[in-house]
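What follows is a structure written as structure tokens; I'll ask about it next.
The chains carry the letters A, B, C, D and E, assigned in the order they are written, with residues numbered from 1 in each.
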């Protein structure tokens, strides 16, 4: 039994000026996959994630979400999406959690969470509020719903950001180093929430430096190096004795 | 043969609001003494040093520098110096080096060093410049004389601050944790300069957490605890087997 | 164009020609005459206050239709705007404080007639030039009197321009200026309100030097309006209205 | 467009520029000194002086300059006592009154600007100066004032522009500076737009030049905020030796 | 006549006129704030735009309107504005004059100046927005208009409020200069009353006090508003 394909990325390329950051990357995520993306700083992990929901426009390649392929065209020598409306719809199906949370600072936590469902999905307010409260409960910060982001700790802000992304009922969640802006003390809070999501069967792509998460929670690990997928496999293999030398070196003492 | 008394502090008391920080501290420094002042955080080491040159006004006690006692009086229930001119003169005889360097940010390093001799001691500029250059040479940053403090590393800034204090030809140098704002790498630079000063016979009071400095360089160690001198002696005794239990505990693994 | 409503401007601060009441309404000789004229022409009139020195510019910019502010009919002005037939004719004179040594200059109390080329009273002008040498004369800016003073006294006295007559009178009273030159009936009324006794000095200057009298200022294009006002003014002169109002406000007859 | 008229207008107006400049420089200098006094009171220990400075700043920043100017010029002149007093020779002159009211007003603004500059002075640098025996005015002159002034300079340059513009109000108390002369020209020629445009041009140019000068000063005073001298160049020349 | 009678609301008192003048000043300033907001927004957009031409135009506008004396701007708008309106009217076949009433001319002039300052305020506020928050809005699929309305504008307003308070105070005081167009605001009414009663000192003081009243009351309103919107900024504890 193959699980349905949630996200399929084929041959993504991206250059900044003269620098070719992604040289053709492909990746499929099926329902319930938790894929960890590892790689050295500057290897293009963030760029890859941002190309998926078109926060960066890829120079080449296709992105297909739940069977729908984002249509691209070329305008004045640059690749652009054919329809902004389609991009907006696809984006609303991909939940993104940023390294620096990026909560809207002028809204309370509850307003942050209901903003998307209400304004983008145009669902009735009462329903959004009920669901938002359930989500805040789930990530463990329901007592903070009336506070502004500036009044929360980093870990609480990141959990709010996860709740905000979940409120859109995304088909795939994209995490870009969700814990690396946090003090070591606070990392645990966020990882616990992500672990719970994974157990519930949420499809997730996670750029992370948390090797324990990659090894223990994800069912697939992708290692990027020099703009290409250098190695890919299940954690047991990758972290086991059979790992490639480049990757071994990367994981360093953790692998030891 | 007793060396001349450079600094004599008798029965210094100081309270902040209700909190009595110094409960009567006395200390004599003779020519060439290098006295390390140790104590837990909050034990009043900085306050003691600041009382000596009246950056804090002590509630009781006397400070005598090279035979001249700072005259105190009581105004509206507070102890104050009788004459600001006398305080200024005594201060110019006590070189102070702060934890956070406190160089004047709007002046070049050279200007920082010649400012005191020129403006306070009213010595001719040419003479001050010549002496300043010699001092900068001595602390090893003569190539930085035209730079502004913001362009120097912490260790360089602290060495410039030492040169600035030395330029006043002080009778006693007071150091308040001169290395604790520095990266471990930079600490060495500053300690080297202080060690050289000690060898030249400069009278020094040093508040420090550098046990190796206290043990190897100073000829007397004073341990402050709860606003009093808890123990005092030559380093060999203090760091030896005969140390008091409180001090042993304080120096912890270093003493072990 | 059918004239149903006409907007007339006055300064509202040139008593008794025109003045402002505490309730904000405009009163004085001209508002009452205007009421008669408008009644006669069967048009509705609106009185608005505006600054003297920009009245002609404002008229031509269309801010209002008629200027009624003791404006002398002169050739200079006739180049820019049109005038109705005169509804008054008054003299101009110098004023000074009674206790000043400039009081009672030769010719005080008499009237001389001068022509637009400044001829007709050479001896009297010469006497005044001698008396006023080195003094300060205050005039209202942008008046015919200003030009006269600059031409005949500018070389021997300091001339100072004021935005309003009232402000000038205040400076005469306070001694900042020695002399004021203005419309005689205006000055006479000002003497009564002044805080210090003052009066005319030197002869009153009549004749056609300051024009053939005071008329309404109109835009050149509004010939129909001029015709209407001309007829109305002639009626007011013929039936004695002007004379009556003149006695009421000026205590003298100003009919041209 | 009537170029000869514009040129002759410009020429007439430029003749009044010295008056405008005199107004500006006298009032900005006087205001500067007053502001120093106000700041001293405002940050001092004396409660009465502090209260006075606070109310002064409130009043002079909270009401229009025009009213202040009229009050000084016409308001004070109304009182016999004023006219008998020793200040009358000064208040008698419109120019002096204009300078006085401009200075009083800018002093309020400048005091606030300098106060915020003072807050930028690190107490640690002050302490370091005390520790070598500096106190009183030496401390202020050498350490506090230079740091505070450098910090206040950008805000002060804005105030300078506002002051240049404010000198135009002096025409309303009979001083014939550029705007006053412009108004006289208009009453003679009735060519409002052209004359005012010429005047506007003069003020713009004046402000532009002043801002350039401030920027120059700012660059000179902010060497310590820029990057370090590049290694290729020799370090700063050693100041000439000579008598202090 | 006692001071109370002169300042009172009776038939010989100037109280009524002064009250009207106070409201006129307030109205001029309010209208100018709105005009300035429109201009300021356009100006900030121009200065932040990618087009060099627009940036140049924006820069020129703010230099000119911050560098020319307010009095001149008011005169230029009062006279020049009328000619312009008349010319436009003429182009549409309207005969005669289309005057710009002194209220509108005054508010427009003060608004043009206010716009130059507001432009700077909005530009600064825009630059204070954390770019990540805009990106987060894009990431959940908000379109441009929605991002503008829901994220950008509220944040710009929040950051701009203190600056707007300063501009408001500036405009309040600039409005005193509109008196030269004959508009009976506080300044002009004080002058007329002073001239009529010869109580110069009294009425200038009264005028000054009225302005102080306006500046301090509005200052407090702005402070309260800042406190409200600043809730999300303060490091204090959130309400609710």
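Here is the rule we go by: a contact is a pair of C-beta atoms (placed from the backbone, for glycine too) under 8 Å apart; a residue touches a chain by one contact, two chains touch by 3 or more.
Protein identities per chain, from UniProt: A, B = Histidine ABC transporter ATP-binding protein; D = Nopaline transport system permease protein NocM; E = Nopaline transport system permease protein NocQ.
None of the values given here were measured: they were computed from a predicted structure.
Trainee: Please identify each chain that touches subunit C as well as subunit E.
Mentor: For subunit C paired with subunit E, the chains in contact with each are D, in label order.
Trainee: Expressed in steps between touching chains, what is the minimal separation of subunit A and subunit D?
Mentor: Counted as steps through touching chains, the separation is 2.
Trainee: If you apply the touch rule, which chains end up adjacent to both subunit B and subunit C?
Mentor: Chains that touch both subunit B and subunit C, as defined above, are D.
Trainee: From the C-alpha centres, identify the chain that is farthest from subunit D.
Mentor: In terms of C-alpha centroids, the chain at the greatest distance from subunit D is A.
Trainee: Which chain's mean C-alpha position is the greatest distance from subunit B's?
Mentor: Relative to subunit B, the chain with the farthest C-alpha centre is C.
Trainee: Between subunit B and subunit D, what distance separates the C-alpha centroids? Give it in angstrom.
Mentor: 44
Trainee: Once you find the CA centre of subunit D and the CA centre of subunit E, what distance in Å lies between them?
Mentor: The computed centroid separation for subunit D versus subunit E comes out at 24 Å.
Trainee: Using Cα averages as centroids, what's the distance between subunit A and subunit B in whole Å?
Mentor: 55
Trainee: Can you work out the whole-Å distance between the CA centroids of subunit C and subunit D?
Mentor: One centre to the other, that is 40 Å.
Trainee: Give the residues of subunit B that touch two or more other chains, as numbers and ranges in rising order.
Mentor: Within subunit B, no residue contacts more than one other chain.
Trainee: At least two partner chains per residue is the criterion; list those residues in subunit D.
Mentor: Answer for subunit D, listing residues that touch two or more other chains: 74, 78, 192.
Trainee: Which residues of subunit E are in contact with two or more other chains?
Mentor: Each of 75, 79, 83, 200 in subunit E touches at least two other chains.
Trainee: Touching pairs of chains, all of them, please.
Mentor: Between chains, contact exists in these pairs: A-E, B-D, C-D, C-E, D-E.
Trainee: Mind pulling up the subunit D residues that touch subunit C in the complex?
Mentor: 74, 77-78, 83, 92-94, 172, 174, 176, 180, 183-184, 186-187, 190, 192
Trainee: If you look only at subunit D, which of its residues touch subunit E in the complex?
Mentor: Residues in contact with subunit E: 58-59, 61-68, 70-71, 74-76, 78-79, 161, 164-169, 179, 182, 192-193, 196-197, 199-200, 203-204, 207-208.
Trainee: Give every residue of subunit C touching subunit E within the complex, in rising order.
Mentor: 1, 12-13, 15, 19-24, 48-51, 54, 57-58, 61-64, 164, 166-167, 170, 193, 195
Trainee: Under the touch definition given earlier, write down the residues of subunit C that touch subunit D in their complex.
Mentor: Per the stated touch rule, the residues are 53-54, 56-57, 60-61, 80, 141-142, 146, 160-163, 167, 170-171, 174-176, 195.
Trainee: Residue numbers of subunit E touching subunit A in their complex, please.
Mentor: Touching subunit A from subunit E are residues 130, 132-133, 135-144, 146, 150-151, 154-155, 158, 229, 231-240.
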